[in-house]
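Two complexes, one shared chain (chain A), two partners (chain B, chain C).
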Partner chain A sequence: MKRGKWARGTISRETGLLLLLLLAVAAFRILFPVSWESFATFDNFASVVRNLAFEGILALGMMLILITGNFDLSVGALASLVGVVTGWLMKQAGWPVPASIVAGLALAAFCGFLNGIIVARVRVNALITTLGTMGIFSGIALLAGGPGITFLPPSFARLGQSQWLGLQAPVWMLVILGIAAHYGLAHTRFFRQFYYIGSNPKAAHLSGLGVARLQILAFTLMGLLAGFAGIAYAARVATASSTVGIGKELGAITACILGGASLQGGRGTAWGALLGVLFVATMQNMLLIKQVRPEWQGIILGLVLVFAVAIDAVLNRGRAA
Partner chain B sequence: MGALAGCEKRGGPIGGVRPASGRSAPNPDEEYVWLSAAANLPLFTQHDHPALRLAAKELGVKVSIAGPNTVDIAGLVSAVEQTAARKPAGMMVVGWDPSALVPPINDAIAAGIPVICVDADVSASRRMAFVGTDWHEIGVRQAEAMVRALAGRRGKVGLLGLIEQEIDQRAFAGFRSVAEPAGLVCLEPQQDKASTAEATRVAAGIIQSANDLVGLAGFDAESGPGMAQAVKEAGKGGKIVVTCVEAEESHLRFLQEGLLTACVGQKRKLFTYLGLHVLYDLNHSPLRFTTNDEALGIKPVATNYNTGTYTVTRETAGLLLPKAWGEK
Partner chain C sequence: MKESQGIGSPSIPPLLAMTGISKSFDGVEVLRKVDFDVRAGEVHALCGENGAGKSTLMNILAGVLQADAGRISLNGDSVAGFADAHAAQREGIAMVFQERSLFASLTVAENIFVGRQPVTSWGAIDRRKHRVLTGELLREIVPEIEPDDSIADLTSAQQQMIEIAKAMSLHAKVMVFDEPTAALSSKETARLFAVIQRLKARGVAIIYISHRLEEVFQLCDRVTVLRDGVWQCTLETADTTGDELIRRMVGRDVEMPSVEDAPARGPVLLEVRNLCDPPATKNTPGFLRDVNFQVHAGEIVGLAGLAGSGRTETALSLFGARARGAGEVRLAGKPVRIDSPIEAIGAGLGYMSEDRKDSGLFLEMSIVRNISVTSLRRFGSWWMRTGRERVVADGFRRQLGLACRNVGQNTGSLSGGNQQKVLLARWLLVEPQVLIVDEPTRGVDVGAKAEVHQLLRDFARPGRAVVMISSDLPEVLTVCDRVYVMCAGRITGELPREGLTEEAVMRLANAAGANGNHRP
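And then the complex of A and B:
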């Protein structure tokens, strides 16, 4: 986990990504001074972070899972499902808003727990398990929510639409969850066990760590965070959409890998996950502001992503040597 | 349809008897299949599927729904091929990809299965008919509504949609044909992946990128709510005119809030309702146009069915909405 980066003249993936982001922003300023006027505004910054909050919360959970050596493809579908169920409870079933939110979060944690049980106890591959549950969650969301549950109560919408210091509530939720995840992963002995079981589960098991129990916990936390993301988004738009999470799992995984996680487990930080999401969102925003054709946006973004990870791979090789 | 009697049906169900209308009656096992990618999209399940079942009940035939639940073109091609292999009485295919679907549709027709396209066309194929909206018209309708709402204001307009789709490209062209002569500058269309969240993100970027942005127009079902949300969050309600396709509840609430100006609705139920009748007529119609229609490749149905559109504005949205939150 600790790399002694500066002491050895190397930099961590997170620092490298931050430098790359700053470099990209500087290049944008030099190359496109007119577009820079639109980019470098607080309104644009607020818009970027508002729109990355959903994926950012998912990325935090995904980072926990990736550190333990697994991944979860069902998180986007679960976020949709939780939003729809929460919306349905308050709109159709007439439950009070707080009770609906608690029930939604409980459902989210339970679905994550189920994923964990199947992966850790039944020992079904995480790819197959979460691919299957993605279909299940997505199907139930569509059955329950149809084209979406609109006109959610104003008291609920306020939770997602209220602002502080010019930033909307989901952004602050992301910040708080990010700080909590960072504290847990970087400063507590308990969450350090996630790195051990991700790096070498057999050795961790022989050392007396409850590998399965920790994996189940990671999936449960992932589910809970997907619930937060789904509820925050539903509150932001005052509508529970049954399709809002489609494809978001891949965005979250991409951000985590960019931010220093490894598909082999044992690596990654909460800070890295957030930086990965911010990096992708900023690149997308710059391309949009420059009015680049969408086909080229995909190509440029793909090249930048590969470049960012390749640079790290080269640096890693340097470290190994 | 079908007032003439006395002609044999072609390649239809076995043992059919001719009802009073002149059409032969269906075989009880006669099955028609609707195929699409993202087959469980809420729009499909809310409109297209119920209308398909209604038409099946009226005609006394079976219907089934097939295709992947994601925008998986290879999966859709495979579903068309596998469905054709079991020889249903007819297939209606949503043309998500105007080129990849040509071979499987042509193969199915070569195997004697009537195939039509609904919702989105595969015009390069030998499909026997297309039932759906004229997307050029959707573009024209949106641009007309926007020009009217702008009342002489000029500036830039952002376009969102599934840019790779032929129907969206036709809509963009229709929009430009009205907007540009009216002095509006249409920006490069942007991809919103048929996702509200993505449409919000993209629209937010467009709003930040152009100070003289006066309008946004969206061409897939999720564009409208996404654009409206972005306009709301940017505090530009009333300053940017937003038009979109579809008029579902999620669109109507934004219309009521004044964040959307006009929604151009499609008569989606007609796609499958009329589509099934077209397929049925391909098997059962008594109409004959020459002494040898089959040799000449003449079909007893029209080639194109434009199902039309309707426009909903803030003034009319309330007529379609259920009671809002808090109203009893």
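And then the complex of A and C:
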């Protein structure tokens, strides 16, 4: 299969993005040899991956949703909400840490399930549904936690701050989730169905797949992962912020699209989602080191996104002709 | 009725004349030097089987398609054709669609004058004039509708009337009606005909496409028959008969069916008793009514009929993909209750959909994955044994003579015939007791067509059965052991192998008018 793709003179979006990333790094080294000294350090790498863990987990969930042909704008708000509720339970309500975490994850899964029911059963467009629930989730987060809940118990903070091989726990969580998602998507019957329903829901229905059920499951998994990201982040900074997730849903969608997903569904890999997140984080890091004004970050990443998708569209058109 | 006296006298020059129109798609000629004309105040029917070229001809007239050769003359001005639909509209040519081109969220008045609302001297939309003009148009044809009514609240017949009003407001000189009665009740049809008569009296030239011969005789002055893209004849309806038109439409030498020997008829595998749609309203029955048929093991049973006669609906109802009313289905003698495709597949039923791109294939996915989709559990309940999956797909590739680089190739890049084979392989892998194939060779070239036919025979022979829905009559005649014909949601007859002729099928396919069973 791989060789077939090469023979056709086209490469997958994942490979293309990897090449682009390597190219950007190489260019940085040649153009800015002085800055390279501060870029190519383990500490810098550790800080990049530490910061991308949150969005990485969201992007894995978003990839599942995108593969089924939907998307979810509520995940950033949901991550905030779950972090705040979990923090509130352990700080204000005095619940033990494990129970608070389980309750937080249950809430996350339930909120995702709700999104799924509205989209798949009531058949409200996913954009509208999750735009609405985004507002609801972030509103509740602010009501419950104000700006945030600080000084969370040390036993909880330890979960997010402990290190192994110089990398913090959330990074390792992302690695484990990423490997699981990769094998799940590539090799299990359950996740294979996601590709079918995203690619052609009518044909999937007539092939005996439970389209609505699978869509709901995808949203539920997404919710669970968003909650997981929110809790992991809260543990790392020992603070549950009500606004940590703002805009993160768009970052996750951007990363997934860069990594090969399509808004039409049926395409994408876990590896692509991670690569997309890594690409965005690396670019941001390089711009930061060069002290480029933050306004430029949006412009440059926007250009890369549009170009990547446009090039892909042009190549696809060429293949169809 | 003054106009009709002039009809038929060759001295009256036609309002519209299309001469020598040819058109090919991808090297396949779909129209060959077709001549067609229509006079002011005339209703001219255009008849032919599915694929005869009627729609292509009308799309050329409407500027949607451009002819490869030929000319169109309107009022004596001869042009090579219209560049686009707007150009045709400016010249006074209007297509009357059913509901399709209306904006459901706008009002009647806004729809009729979309893009060209009357304006005040200030340049704002003159709402009052807008309403008055619309009201005048509506009074003439549908007085019960108000200009401010919302399109979404109208029935499909009323929406069609709005389409006509729109064409009238454009001062259309030529109006094309393409199967206008397909979704109308007999009462609504009568009303449509009255409006057409009025348009005719105003001197509008009307082109009327219909499969329903009784309508052609009731409404039209002349009729032109196309077959395989070639003009056959233009006749005065008064001088011809339904049988003659059917003969002209079917026309080709009927090749002797190549079914070797009548198969040994096994026991009844599928039995459908009084299958109905749920009632549309309390007192009106649904579209499908009392569908009865039986399929024996080893048989290929045809389900013939015109487009919209209820064949696909019947299949989807059996397969659990469509709401169902009363009726009983037995598979191998056992009554089954099927409410979803999952249950249907579990019960031993397969359905290969008619539109492979829309509801059949996963175009951006590989051949392997397209074949295995209905049999995923066979390759693992949790981990997929992808190697085994590929081996199976490779087996089908050899068995069906699939032309592809390898089975990892995307199905979207295959030819129509190969795509159809992939779809077939999917169901051959499932091995249902009864496989329903819907238009299995649509858009497939002749060679692949014969291969698909052979595969279906091989599939049915060892005690399974195939139900074949097809609008391609020669295909039905060569492949099927027995044929049921449908019309307007009912089965109008059963034809055994011996009585199977194109004429017989066409007669039954047009039988609804005779029985007064219009689609509600």
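Rule of thumb we're sticking to: the second predicted complex is superposed on the first by the 314 of 321 C-alpha atoms of A that agree within 3 Å, B and C clash if a C-alpha of one lies under 4 Å from a C-alpha of the other, contacts with A are read in each partner's own complex, and residues count from 1 in each chain.
We take it that contacts are C-beta pairs under 8 Å (C-beta built on N, C-alpha and C of every residue); 3 or more make two chains touch, one makes a residue touch a chain.
The model shown is predicted, which means the values in this text are computed figures rather than measured ones.
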Partners on chain A (chain B, chain C) - clash or fit: fit
Which superposed partner A:Pro294 touches (first chain B, second chain C, both, neither): first
Most chain A residues touched (candidates chain B, chain C): B
Which superposed partner A:Thr15 touches (first chain B, second chain C, both, neither): neither
Partner chain in contact with A:Gln193 - chain B first, chain C second, else both or neither: second
Where the C-alpha centre of chain A sits as vertex, the angle toward chain B and chain C in the overlay (nearest 10 degrees): 120
Which of chain B and chain C A:Gln168 touches, first, second, both or neither: first
Which of chain B and chain C A:Leu209 touches, first, second, both or neither: second
Which of chain B and chain C A:Leu142 touches, first, second, both or neither: first
First, second, both or neither for A:Gly266, with chain B first and chain C second: second
Lowest inter-chain C-alpha distance for chain C and chain B in the superposed arrangement, angstrom: 25
Chain A partner contacts - residues on chain B that touch it in the complex: 40-43, 45-46, 69-70, 163, 187-191, 193, 195-197, 200-202, 204-211, 222, 225, 229-230, 233-234, 248-250, 253, 324-326
Chain A - residues contacting chain C, complex: 1, 4, 187-190, 192-193, 195-196, 199-200, 202-210, 266-267, 319-320
Complex contact set, residues of chain A against chain B: 35, 38-39, 41, 43-44, 47-48, 50-51, 54, 91, 135, 138-139, 142, 145-148, 150-154, 168, 233, 236-239, 241-244, 246-248, 284-285, 288-294, 297
Residues on chain C engaged by chain A in the complex (per definition of touch): 319, 321, 340-342, 344-345, 351, 353, 358-366, 369, 373-374, 376-377, 379-384, 386, 405-406, 408-409, 412-413, 426
